Each structure stands twice: as structure tokens, then as C-alpha cells.
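Taking it in order: structure first as C-alpha cells, then the write-up.
A, B and C label the chains in the order they appear, each numbered from 1.
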Amino acid sequence: MEVFLQTLANGVMASLTLALIAIGLCLIFGILSIINFAHGEFYMLGGFGVWWFLEAHPIFAGMPALVGYIIAILISMVVVAVIGMIVEKWIFRPVREPHETVMIVSLGVMLFLQAAALVAFGPVDKSVSSPFAGLVQLGTVSFSNERLAAIIGCIIFIAILYVIIDRTRMGKAMRAVAMDSEAAEVQGIKTGMIFSVAMGVSCAIAAAGGALVGPIYYINPYMAVEPIMKAFAAVILGGLGSLPGAVAGAFIIGLTETFVSTYVGAHFALIVVFLIMIGVLIVKPTGLFGHEE
Amino acid sequence: MTKYFGGLAAVNDVSLSVSEGEIVGIIGPNGAGKTTVFNLVSSVYKLTHGTVKFNNEDITNLKPHRVAAKGLVRTFQANVLFKDFTVLENILVGCQLQVETSMFMDLFNFRTVRAQREKIHAVADNIMEFVGLKNYRDELAQNLAHGHQRMLGIGIAMASHPQLIMLDEPVSGMNNEEKSEMMTLIRKIRDRGITVLLVEHDMRVVMGLCDRVAVLNFGTKIAEGVPEEIQNNASVIEAYLGADD
Amino acid sequence: MKNNSTTKKVIIAIVGLAAILLPVFSSDPYILHIAIAILIWSMLALGIRIVLVSGHLNIAQASFMGFGAYASGALAMKLGWSFWICLPLAGVIAAILAIIVGLPTLRIKGAYFVIITLGLSEVSRRIWMMWDSLFGGPQGLLGIPPPDAIKLGGLAIMFNSKVHYFYLAFVLFVITVFVMWRFEKSRTGLLLKSFPKADMLAESSGVYIMKYKVAAFALGAFFAGLAGSFWAHYFTYCSPWDFTLMASFYMLMYVVMGGTGSIAGPIVGSAVMLTLDELLRPFKEYMPMILGVILILVLRFMPGGIISIPGLIRDAVMRKE
């Protein structure tokens, strides 16, 4: 029973971090019509960001650990968002048509960012000490505080994103562009700016995911390779255009993967995810929440 | 030759039957569901209710390439062509149903393969002459004038030697001279023994060409009959006047 | 127009002759090794190109190579079968795998297909690492036997020098190029090229799209399997880390850099990029970054690839007149 609850907690955390990446993928696809293979790298850079500010160059050493950690996350998010926006404006946008070209270009960006991280930070795994020491006891089960913090952090970011998309004028503009970018342009919405904002936000939350998970697992240049594949599976499962679908998909994939990983084996878990992905595409290619074209 | 179909929300319980050698027109205001009907017959869309029968054979929801193999071919409303292929190459794709060698055999230049290529090229030449594009054989499709592009679309459809051809707005975007040329072409198609079903907005063309006309509005059939009857039909006139808002 | 075709034939003849005579000029194993690599990677790149032509991006080509390599190695080691049987079998196994993956995935939107191949890349590696008994686990298969000697008349050609492997690779390369060339020149090639333009139109003309797409995908995988089998017996080992997503991506890059417009593209791309890779060996660390940048620049400013350069030059010259 204890193993089950522990796995459940891990699964929830994995699902939430996956959701942060998946939402970003979904936003970029919905608003910019781009399949961004490099997206996982922004997650990776977020992880390196907190390492940079907390371990390599601890400029917040004087402050309480929690404050330092939060500031490090926020700075990382901003930096990664800026990198993402630069990539979008100067690398993706000029080659948006035909669609295959921008896909290959995003693969190129993925390669570049991985290699750059390798050169800059070296291949050795990095670790970040978490400000959340200790455990929480619930009956016979104990969860580490750091995992709990990651879960809460993810939920906060998802909630903030929901508010932005659903309640603000910017969000409304983004939804308009996602539905029909030409019509939105005619209505006076500056699609260029919306593209930048969408990209920035997506990269920021991906970075947040990497930053939140950083202290729990190791940080290295290839840490995004598995998550990006699972994120794609989540988005396919949920339906390529649907944000709630992406979150739902992230949970299905995250929980399945964690449970299979614990009870059978990590390698096998990824194979299962892959089979789910193919299965969904055979049975309902538009995903659980997607609509027919 | 009879066909029945009945539909989904865009096309609600529409029944139509077309006999061999006829030219039948479908008209109606924009959004009435005319192209949807074509899409249902050629299986681009799935039928929710009803059946499509061709030559007394049920072809409902058969895969699009099989529908074509049965002898039912369509053109598209927009100028759907292989834009950077030449006219010849476009027509060659249309000829695929005439090909008998397998993919594997084509890898080698056997005598049968070569003989087949001759035959197909002859068919292609024939088609290009029929639609009047012989001089544009090696011209890229995207460089053709709009009227010629429409002709090419018809040529591609004709290349599979269909029994029934469905033309989706064949004269859209054409000037009067081109429209007359198209009407002559359609009559030539019928004279070759091919049945024609067409969707059109231009009344003069429809009345001039069609043996029978069906009128759709909001997805239902509101009238059917010979052109003169339709012209004087009250509900038809109302549908068009009403749609003019 | 006529000049073009004769020039092409002359170029092919010269290059072909130079290739065949290479070991005569230089028996340096290093040079031969690079030449072998170029030949083998060209095969892989050509396999990616034929699928790209039909409108799909395959980033799992290294996985098909890997399955070919592992299949060939395992059959030779566990069952003692001759390389000459394992080689074509490896191709067939890779092709069957492609058919299994392609049937459900080639019918839907292109983006999904790419994602599936991305997944396949990762999953393949795990399969090889998991299945110890068959694939040797994380270390891979070690001690794969080299090809057995060919006996011609009274002569026996043993595979104990790079020269022999070079000629074997050359033969495989020529076979690949020939088949790809015929495939593309035939009506199948025309049909494949029509799909990315207007597949609805092809379908309504009676063309069964899936048949052709799956065939192209399987063909590309077949040659990847052959390449893999060669690789396994040439190096006498294969490990899960030889056939990664990165490798697939490099193959794709060679195609894009060379140009997708013709058969020559992937070959030129492989030759240029592999040579560049060797020349820039001191900067090994930065290579992926440099390649990434070059790829992005090529796609932005020279999307036709290297083989489009003569055309671009010709256009520029003609415009000046």
C-alpha cells in the first residue's frame, strides 16, 4: 500500500511537470501552428538556470533558501522565455511555410541547444540542493517536502496560465489567433506580438517545470529527451489543439508511466507510452478532446 | 444507373437519382450543402445515414480511391491541381487507373512496362487534346490561366475514363467566352457516353446544359425537375431571394 | 537541356571511376574508412529522402539501421548463419518493421508521423538495452563475425582488409542508388511526389495512397537494414548507443544539406558533411552546434541544398545578362 501511494505521489508530480511542457507544446501548435521539437530543451535550460543561480554562482546565498530558490526560478523563466522568443522570431517565423521546414529547423534548434548546454555545462549530472528539506507524514506514508513543493509549484503555474488564457484580454487575443490568424489580423490583433507572447509564455512554463524538478532529479543536457517524447504523447492523447486535453493527456501518460516504471521497469514504461501513442492515433487520431479538421 | 443518398446535418435526407447519359445539375444558395453532397458520394466525408448506389452496387463509404475505380470521378471547387507538375504530369496521375503493371515491375524497364508507358502517354495525349490543352503539355500547372486550370482539372478527372463525372462549379471565375467553351466541353463529355452531375451557381450554364436540376437549400432538397419547371418554381425563387441578404 | 543530361552522365562516370579506383590510389585505411562511411550514410540518407519526397519526415532511420545491424549480428552469432544470408534478411526485417509502424501512422497528418518516429527512436534503444539475451543489453553485441569469404572460381576473397569492405560497401551503395533511381523515375515516383502537393486529387483519381507511402517507407528502411548489417559485420560489434535519435538526425541533415531535389542530394550531402566532420575533428565538441547552425542557415537561405547551388549560380549569371 505504501508503495502504491508513493508511486501515486510520484506519478502526480511527473504528470504535472509533463503538463507544463505539454501545455507549452499545445499553445505553440495552436497559436503558431508549429510543432516545436526543441521545446524540451527549454525545460532543460530551466533546470540549468536554477543550478546556475543556486549552485554555480550562488548570489542569493545571503537570503533564506526559499526566497533564493523562488527568485532563481523566476529569473530562469524570464531568461528562457527571452531565448524562446528570439528563436521564434528570428529562426522559426521566417520559415513557417512549408510546415516540414520549420519542423526540421526546430530539430536543428533542439540539437543546437543540447550541444550548447553540453559545451557550457559539461556532461556531468548537476544537482541542486532543495530549500525544502524534510518529509511530510500522512499516516504510514511519507512524502518528501521537495516533491510536495514541486507539485504545488506546478499547480500554481498551471493556474496562472489558465487565468491568463481565459480571463485576460491577451488571452482572448491568443485564442482568436489560434482559431483563425488571418481573421484576427483583420480585427486589428497584432499577430506578431501574440506569437512572441505565446512562445515566451510556453517556454517560461517549460522552464518552470525544469526548475521545479531540478532539485529532485539530476540536471544534464539530455534530460529533456524522454520528457519531450512523453509530452508529445500527452498532447496527441489529449488532442493537438486542446489545452485541457494536454493536461488530461499528461496525467494519463504520467501516471501510467510512473506506475509501470515502478512495478515493471523504466525501459518498459517508455515502450508502453509509445504503444499508447500509436494506439490513440489508430483509434481516434484527433485525441480525446480534439475536433475533426 | 441510379443513386440514392441521404445525409448528415449538412445534408438532410437528400435523395437524388441520376440516369445514364444525363446531365444533372445541383443548384442552391451558398452553404446549401452542394459540395457536401459530392464529398459524401466520393467518400471524402462519411455518411451518417443513407446509401450511395452506383450501377446497382452499394458504394457507401467506400474508400475514395475505390469509388474512383468504380467509375465515379469528381473535380474540386477550388483549383486543386499538382501545381508544380506540368500539364502532362498532372494528366498522367489521372491515368493511374489504366495502369496494369505492379509497382515492383515498374522498377525494371521490361518490355511490358515500356509498352504500358506508351499506352498511357497516348491516353494522356488524347485527353489533353480533348480539353484543348495540347499546346500546354510541358507548361507548369501553376502558370496556366485560370480557365485552363479548370480545364486541366476536368482533364485529370477524364483521364481515368469514368462512367460518371461530378463537376464542382466548373465555370467559377470564368469569363463568358470561357464559360461557353466549358459548356461545349461538357456536352462533348456527355457525347462520349459519360454521365455528368454538376454543381453550379451560374444559372445560364445550368439551364443551358442540364436535362434535370435539383435545388438544395439548407441541406434539403426543395425542388427537382427540368430547367423550365425550376425557373418558375416559387420556393426556388424564394430561396434565392432570401439568400441575397 | 541536352547539355545538362550529358554533363550529368559525364560527372557520374568520372565520380564512379574515381570511386572504384580509390583503393588503387590510396590504401590508407583512414581514407578508406571515410569513404566507406560516406557510401553507407548515403544509403541511409537516400532512404530518408524517398519518404521525404512523399511528404513525411522520418527521424527513426537509425533505428531501422540498428534493427538491421542487431538482426544480422544476432543471427550470425546465435545461429551461425552466413553474412550473405543475414545481409538481405536484415533488410527485410527492417522493412517489415517499417510496414508495421507505417500502416497506422502514415495515414494521418504528417506531424504525428514525425512524433511517432521520434518515439520509435527512443523506444528502439530501450528494446535493445532491455532484451539482454537477444541484443546483449547495454554493451551490445560483441564479436560479430566478419563476412565469410566469397569464392569465385578458384579465388577466395577474404574480408580481412579495408579494401574488401570498401568494395562491398560500394556494391551495396550502387544497388541502393540504382533502385532508388528506378523507383523515382517510374510512375511510382511521380505519384509519391504528387502526394504532398494534392493527395486528395490523386486519391480521387483512383490512387491508393497508403500502398505507395508504405512501400516508400519500407524501401527506405530496407536499405537502412542493409546498411546496418554491413556496419555490424564491419565493426564486429554494435551497441544501443550507435543508433540514436542523434544519428537519425544527422542522416536527415545530410539529406537537407545536400538537397532533396534529386538522388544526388543525399550523396553529396553525406560526402560533404562527413568530410567536414573529419576535417573539423579538433573541434569535435562544437560540431553539433555548428551543424545545427548550418542546418538552420541552409533551410533559411538555401532550402534546395548544395545541389541547388549550380542552379542558383546559373540564375544569378543569367539575370546579370
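Heads up, the rule we're going with is that a residue touches a chain if its C-beta (ideal position, glycine included) is under 8 Å from a C-beta of that chain, and two chains touch if they have at least 3 such contacts.
Only a predicted model underlies this, so the values are computations on that prediction, with no experimental measurement involved.
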| task | Touching both chain B and chain C: give me those chains, sorted by label. | result | none
| message | Of the chains shown, whose Cα centre falls closest to the middle of all protein Cα atoms? | response | C
| remark: Looking at Cα centroids only, farthest away from chain A lies chain B
| task | With chain centres taken as the means of their Cα atoms, state the distance from chain B to chain C in Å. | result | 42
| message | Just the number, please: Cα centre separation of chain A and chain C in whole Å. | response | 33
| said: What's the distance between the Cα centroids of chain A and chain B, rounded to whole Å? | reply: 48
| note | As the complex stands, chain A meets chain C at residues 35, 37, 91, 94-95, 99-101, 103-105, 107-109, 111-112, 114-116, 118-119, 225-226, 228-229, 232-233, 236, 240, 265, 267-268, 270-271, 273-274, 277-278, 281-282, 285
| query | In their complex, what parts of chain C are in touch with chain A? | reply | 52, 55, 57, 59, 101, 104-105, 108-112, 114-116, 118-120, 122-123, 126-127, 129-130, 245-246, 249, 252-253, 256, 285-289, 291-293, 295-296, 299-300, 303
| note | The residues of chain C that touch chain B in their complex are 179, 182-183, 186-188, 190-191, 193-194, 197-198, 200-209, 211-212, 215
| said: If we count contacts the way the header does, which residues on chain B are in touch with chain C in the complex? | reply: 42, 44, 63-65, 67-69, 73-74, 76, 80-85, 89, 92-97, 99, 103, 106-109, 113, 117, 120, 156-157, 159-160
